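In what follows, chain A forms one complex with chain B and a second complex with chain C.
After this line comes the complex of A and B, so read on.
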């Protein structure tokens, strides 16, 4: 069986497909891996972000893109010689009446536009705005690359969903994405005299290269770290709905929902928000969060803006001072 | 007599302070770092030792500033703290009711908000150093006016001259332009102070509630023009502590006082001024990041290493550092 003409490929069914460890990897890797494996493909993901990945990514990327997208390109390039095709879905919408970031909408096109010869890019469209039927039609359409059987595609998607459900259960328990995917931690015990909520896009919060190892540093300094994945989607939704106008970006709704939840329940001592310098949504969310945080006296809020020029010294000074401030308060 | 030593090594100045047990300044040294922090600390130690009463016993040391880890290893610090905390501690010591601290140093500026003696919010300049001491320094050299006299020039201004303060390069272009138009130097200098204050308030104080008493510290607080411009912009009186230029070091000494118990200090003594320290850097081969690691040595023996993303080099003892060196290069 060979890839069909829609993607212009003629690769064998047992094709190796690469998934970059960047951007939506942190959200959907188990779903995508399960789906592709169910269709008969081999799945390879890239390694964690390193200086080399960042350098290649930033050197090929359009300057105005945000750092996470530039890093995504670095991962694509790292994978290019190891795989037959790259999986870069066009994620337009993941729930009703919302969109994702415009760069996600254009991601396969952006990837094709870089000046490096890449293997075939497989870009199924995930769009829930148009209803369930249209959504599944695009899944079946993609499945045709591997199989004539709609049933097999359906089964593959279901096994992806099952893997995704198990993954989200682990995240909810506090296991970080990397460990939830690769194993290593089965149970999480939160210790530390301070509890800090880290808000932000998962690809910023969980990529130790992007955030200059923030999570590890906080733990080393004796703080517990909580993230949006540890809050149920229902709660995130409920909290985000407190905004006077419904946010139409899904992932940003989750960031807002998490921060609002921590503020509302006063379940953290402080919130650190990690944002990308060139991110349009982040720049708006930052103001929403700052404004809300001011209404909840006693829970300090700090933003850390990160891009490829970020210096570690400035970040450490700020985070140290933030921790000192929280400890100082709890002493008095 | 017992005392606490505070060392603040910043980008521009290196300051040392010795406080007595009640927190009064016994002696202080303010000198230029001149890009050589090790040398600056050694010279500073020599100078302050000469200035101190002979019977002084240092029972605690704290370091702060951007070279706090380096200086901490050199002097044997009991506590190494970031400069935001150090400045806040010093400000509350001098003005206990302080609710706002404005601090402008050589290459960074900070705002710290306190309520009832506790820091509740702070900000530090991120992507831009327009409006810090280095820029004023540069302008004083360019205009041929000693930095010490900058303030008195500003105070003699009749009218203030609008200078674009968004970016220090453009601010300079604008000043050159105003000079060429024929504006008085005094008016231009005061205009510059106002531009820097505007820049500071827009960058750091945005959305923050600046309540009195307001304390202005850091090297730039010596500039009376800056004080006047702040007072004008904020419509209130600004307090400048007597030792405004060494507040970081005072904070570090106070933090040492709070840390050291039972007189067990790590202080290595003033003799460190005669030790020959070498720093080397190398690329760690532990992973693909190839981080640059700095190593500080005394006659071939490693005292400490730092740098790198994973944090493995920041080990507690020199022996552990040596062990890592054998395995990771």
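After this line comes the complex of A and C, so read on.
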């Protein structure tokens, strides 16, 4: 393995690149993995979030940052000795006229600012606001790190896209992201007398450490769990457009779209909304969701605010009470 | 139509001036106070940022004072501010207040909508007349901003404590009734004469400190606990990174503050390579520019959970280390106690003063 000095020179083909299992991992891991592998790199992802990861992340991060970003730092530090470079893309926008979270816009800069020596950070920019040509230019620019052939970069990107498509198909069928990436479950049997919709950012809803194992517990208590990934993007888009002013954050449009869809079609018995403390978008989305839920009588809505101090016992008690209440309602 | 808008520094004077020209009744909400904050907190989402809570309080007080039309600015993100108006409407409707809301979306959302909204606010006026009104009002507002800039810079030199604040108040009173271009020119001369007349001791050793951070907190003295006046009285000459007209005007030149958006982005590039909404990038860029200009220190203010400035706060320690400039960040919310902030500021200023003294001794 060797690095040649400046940008514009190629990374060795055997370079190992780390992708932290946090934040946008749950959305784009197959795409990124396929792309990097197509470019000839080896891809390593960090392990599932543990208490140790949270502690290291929290100790280096600025106090006011939200828990998911702190955990992201923890994953970076976990990976740092195992890889030659870290993959921290700057995801600015994934559809026309929207942004992602401001923290994603600055993620590579935030990663460089933490007080721990990290390996080289690879930060391609993904920005669809500026049109297709500029979007692909930045991908080709990134590809130059590995290969001089534009064609090879393009093929790598296409193979990433193919993997991503297969992944989204699995999610749509109801396979959770972790299993969809690592295999395990091929078919999902939705059983249970209650159907609970879990709204929230995928990195909160699917990280068992952040949500204190909520989905597993719900299943154990005999409830079906549905998430935004199981609704087609078209429906999400359609529902989110019902807001009087278009939301300018893509991922929040999906959260709102999912919750509105469940309320509209009355396809769930109750909605649990998981939000992280200090999340800017969540603080406003909560108002939109709660107001809308009030208009749809008969579908109880609960918000769970989570931070690094959340205790499992407190959460279990509240969710148990919520489930009991739902069952009791269906009896009477 | 009885229109109203939230407070933000001297924005009330500017709006009053504009609406006296367009012929709309403007109801000024009572100045932001502890009561405003309380009203806002009662209805606001729990961990939304402070400006949302305070402006909701302003609106409630204005409605109680007889206003029926709320004016608010819009935005295109990624900062939460762009969605404030929607949330305010949801929250106030939920609280059973009756009102209309007019949201002035920036031209980036669509020129047509922008001009239609302006027409709504200036009934019966042609586009040319509206443009004239905005031009003349902005001219007046820029002069008021310059007076403020003067006060921030020279308060540290005043011989009699409180003179600058007094003179600044008087200067604004002179400016307020000026209506035509001629009157504004005359009033401006008179106002600056009042400021110049303050007795100053220019040989006094003063510290030069830059104030950076989120615009609302910087512009609204109630929210920033009046730290500017406090610092001035402690012998600190201030340079602020945001002025009202720079913030409202669509130009990227920042006439009053004097550093263009491009320069800010260029300066910040090694540390923060993309804008992140709000004042995230400017906070980092200004700190770097001020450090290079030889300032003694930086005070960074922002509301709790503000996304862009939380990013800035994460990056500023690195800037501070690399460029050898002390930076202190204050996170403000409804729980912030004035005494705590002032104590920490005092310690910071002491540190800056002793640092400066040691460096000067070392140089001799």
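Here is the rule we go by: the second predicted complex is superposed on the first by the 321 of 332 C-alpha atoms of A that agree within 3 Å, B and C clash if a C-alpha of one lies under 4 Å from a C-alpha of the other, contacts with A are read in each partner's own complex, and residues count from 1 in each chain.
Assume a contact is a pair of C-beta atoms (placed from the backbone, for glycine too) under 8 Å apart; a residue touches a chain by one contact, two chains touch by 3 or more.
Small disclaimer: the values here were computed from a predicted structure and weren't measured.
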Fit-or-clash call for chain B and chain C when the two complexes are aligned on chain A: fit
Chain B versus chain C as contact partner of A:321, first or second or both or neither: first
First, second, both or neither for A:52, with chain B first and chain C second: first
First, second, both or neither for A:300, with chain B first and chain C second: first
Contacts of A:88 with chain B and chain C, given as first, second, both or neither: neither
Touching partner for A:217 - first (chain B), second (chain C), both, neither: first
Which superposed partner A:19 touches (first chain B, second chain C, both, neither): neither
Chain C versus chain B, contacts on chain A by residue: C
Superposition-derived angle with apex at the Cα centre of chain A and sides reaching chain B and chain C, degrees in steps of 10: 80
First (chain B), second (chain C), both or neither touched by A:205: neither
Shortest CA-CA distance in Å separating chain B from chain C in the superposed model: 6
Residues on chain A lying within both footprints (that of chain B and that of chain C): 305
Interfacial residue positions of chain A with respect to chain C in the complex: 61-62, 64-65, 90, 92, 97-103, 105-106, 108-110, 112-115, 125, 243-245, 247-249, 277-278, 280-281, 283-284, 286-288, 291, 305
Residues of chain B that touch chain A when the two form their complex: 66, 81-85, 116-122, 124, 126-127, 207, 287-291, 309-311
In the complex with chain A, residue positions of chain C that touch it: 45-49, 74, 76-80, 82-83, 85-87, 90-91, 94, 103, 271-278, 280, 304-308, 310-311, 313-315, 317-318, 331
Complex contact set, residues of chain A against chain B: 50-52, 208-209, 212-213, 216-217, 220, 290, 294, 300, 305, 312-314, 316-318, 320-321, 324-325, 328-329, 332
